[in-house]
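Here subunit A shows up in two complexes: once beside subunit B, once beside subunit C.
And then the complex of A and B:
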């Protein structure tokens, strides 16, 4: 009975947030289109034959950037901004006195947004293949499953990082500025602009200790069929989740003690 | 014997605030060295509220009423003292406690702006772990009580303020809480909507024996719903008790409006022994102590040429206004 009620809770949360996201379908389509940075990067890489320096064929590189685009589409997180706005406007207050952590709402919003994004991302991929027919490939089921899983774990890592930053709203009103600080390393070290394999060896050894390469580079390499350490990648993703989750719980519990219910 | 559902002992709350001097110099100083100080907004207050009571919190802006409500519902942590609500420490926000309470803040909404309210109701119902059948039943019951039906299927952004407020109430009450914290629930509503909301709250209290703690700047909300008021002045309780008793104590006079046959007759009354509140042409209002009403009426009827006469209580707003600016009321 209780299990059914929890299922019902999750289903209703997703259903309502999906209905809400459908109200913003044009906005979401534009967001999907705005995520085409990997395609620009592909153009820069191939026009300058940069792929030769890292021993990746042009086809594999184009698949990598398409996959980077897909991974990015399904791991975009904006919870720090939403929470900051809701916190400043006093909208968090009613959520805080409900028997559900408000971050579940934001989590459901993100999942619903990803579901809404899906068809737009497919359309963009369709056009990509029209212009790059040699890049068409069908990953096998195991790889597809593992790629979806690693993309979801990447989303979870980013969601937790941003949720921790969002909780800083309890101490400082403009916590999203801290998120902006993280934007630069995320952009350069995640594999969105260049596969991490292209970095010098001494830099790579450090990068692989951070969570960034497991956000885009690892799932994109996995899906595109490039060589990657699957168990190592998943291990690091799980390790980062295990580190971030207790940190989030601690900051959340300390932060709510500081909450002043501003704006309400 | 009715049990206490809210027990507050020596409760205090302090906030850290920073101050900034005006001018560019002040701004630069503020940027480099921020002066912060601790401001005690609630000072060592104690009170109890019984199950089923409707209690109004009165006080001027910034007196601390809303802060008290926020601590009672667990939204903010107290700095000192102890609060027990329905057997729980509110700031721990245990799920069983949260399922028993609700907080409604006028003009602050929890409904999803772009969707019809019905979607938010089902969402809230699932959060409170109500099954679909039970949720449907409660939505029907509450929408009948609140007299909203078609509005449930119109996006929130297209509803009027009154319809939105009713929907907010429905969303906040779907889990049938035992304790309602209402912060300015009628803010911005027109007179009819205010009256309907009061009627609804009265009915909800009668039917469910829910405890209601409310703040409002509309005195009609307080006088028509609350038998008991707690007056808050600068973070301390200046009065806690029966509203009627307070009004009687603070208003030992009545007003008599006399309509004279001519303006000269009104002038004669003005020049007599009575305390005149105002005079407009042949109408004059005098203030008479409750104890001397009969003798004053006799004097007026015997000595002056009058057409009509009305005895009025001074407006409750005026009386309560006095409470807001004074510190202590001993009854």
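And then the complex of A and C:
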């Protein structure tokens, strides 16, 4: 009975958010287009033959960047910005009364957006293959399943980190600038602009202990068939989730105690 | 259309927006750290490209650093003026508050483009100038008056092109209402301006010279700074700039004819 109720809740949330997101098709298409930076980076790499020095063939590198694009598309998180807006507008108060953590609402919003985004990402990939027909490949089922799983875990890590930052809204009002600060290392260290293998040794020595390479580099390597440590990657992803989740719960319970509604 | 009136109004704008921005002092501090980290990140990325190669698209590392300097400077200008103001246009149109702007006895484009200022962009401008000065030193560029005048002209041109592009896209909101992520697409394309145009393949180079004139925004100014450019390129830049500025102005006046206010 209880399980059915939760199931029902999840289903309703998803349905509502999906129809909400379908309203903004053009917006989501534009978001998808704004994610094509990896392709420009690929162009620099191959046009200057930089891939030879890191011993990755041109085809493998183009698959890597295509996968990086996909992983990024399905792990974009903006909960800190939504939550900040809602908390400044005073919308959080009614959410708090409901017998449902408001972050489930945002979570459903993100999942619904990803479903809406999927066809646009496919269209972009289709154009990519028209320009680079030699890089077409079909990953086998196991790899596909594992990389979808690792992309989802990457999304969860980013969602938790941003939710923690969003909770800082209870103290500072403007948490989005902290999120923008944290986005910089994510951008440069996650492997979106250059694969982590190409990083100099003094960075490689410590980067695998941070969550960044597991956000894009690891799932993209997995999907594109480049060399990667599968069990180690999943292990680190799960380890970071286990570290972040209690932290989120703690900061959420502290924050809601601190919360005073706007205008009261 | 008298100048002293506009100057007086502008000092008032400065005063009010600085006062409201300084309410969030820690925010400004975080933005400063973000700007510094973002610069370190892009130099890190550049150093990866140059790790095993002496030139990229015919530019060596010291020369490519100039492009970074110009990009940082322009990004600072965009963050100080364009970003806070032009994202407001969307809000004005959606909520119908553009009515109040149009009713004021002052040019609407002036009001909309310069109303707000975000002081955290200043540091980025200073960082950009700092890098340029450092580049002058390592590239052994001799400064003289005519050289400085040429540099100033090209920088002003690229700022104007950037502004016109941004303003042009924001203007389309009058028809489409929700296009604030269209500027996000523009931002992600402009990101490419951190790298020399010659490092891209031929087709992308054409794209970045015609549709999104990154060639005119960062590459030609950098060539001028290096003393590499021919005079005709500077003339071309001035012509392109005037075309951009005039078109965006005409487009704004044209678009206003279609403005019907909210809920009417």
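Worth pointing out:
Definition applied: the second predicted complex is superposed on the first by the 262 of 264 C-alpha atoms of A that agree within 3 Å, B and C clash if a C-alpha of one lies under 4 Å from a C-alpha of the other, contacts with A are read in each partner's own complex, and residues count from 1 in each chain.
Quick note on the criterion: a contact is a pair of C-beta atoms (placed from the backbone, for glycine too) under 8 Å apart; a residue touches a chain by one contact, two chains touch by 3 or more.
Keep in mind that this is a model prediction, so the values were computed, not measured.
In the superposed pair of complexes, A:177 makes contact with subunit C only, with no contact to subunit B. Contact with subunit C, but none with subunit B, is seen for A:199 once the two complexes are overlaid on the shared chain. Contacts of A:12 after superposition on the shared chain: subunit B is touched, whereas subunit C is not.
After overlaying the two complexes on the shared chain, residue contacts for A:34 are found with subunit C alone; subunit B is out of touch. In the superposed model, A:100 lies in contact with subunit B only, and not with subunit C.
When both complexes are overlaid on chain A, the residue A:20 reaches subunit B alone and has no touch with subunit C.
After overlaying the two complexes on the shared chain, residue contacts for A:188 are found with subunit C alone; subunit B is out of touch. Once both structures are placed on chain A, subunit A residues 24 are touched by subunit B and, in the other complex, by subunit C.
Interface of subunit B with subunit A (complex): residues 15, 70, 73-77, 91, 93, 95, 98-99, 101-103, 105, 108-110, 112, 114-115, 119-120, 122-129, 131-132, 172. Residues 2, 4-6, 8-9, 11-13, 16, 19-20, 23-24, 90-91, 93-100, 256-261, 264 of subunit A touch subunit B in their complex.
The residues of subunit A lying in touch with subunit C in their complex are 24, 26-27, 30-31, 33-37, 40, 43-44, 47-50, 52-54, 172-174, 177-178, 180-181, 184-185, 187-188, 193-194, 198-200, 203. Those residues of subunit C that touch subunit A in the complex are listed here as 24, 26-27, 30-31, 33-34, 37-38, 41-42, 44-45, 47-49, 51-53, 56-57, 176, 178-179, 181-182, 184-185, 187-188, 191-192, 195, 199-201, 204.
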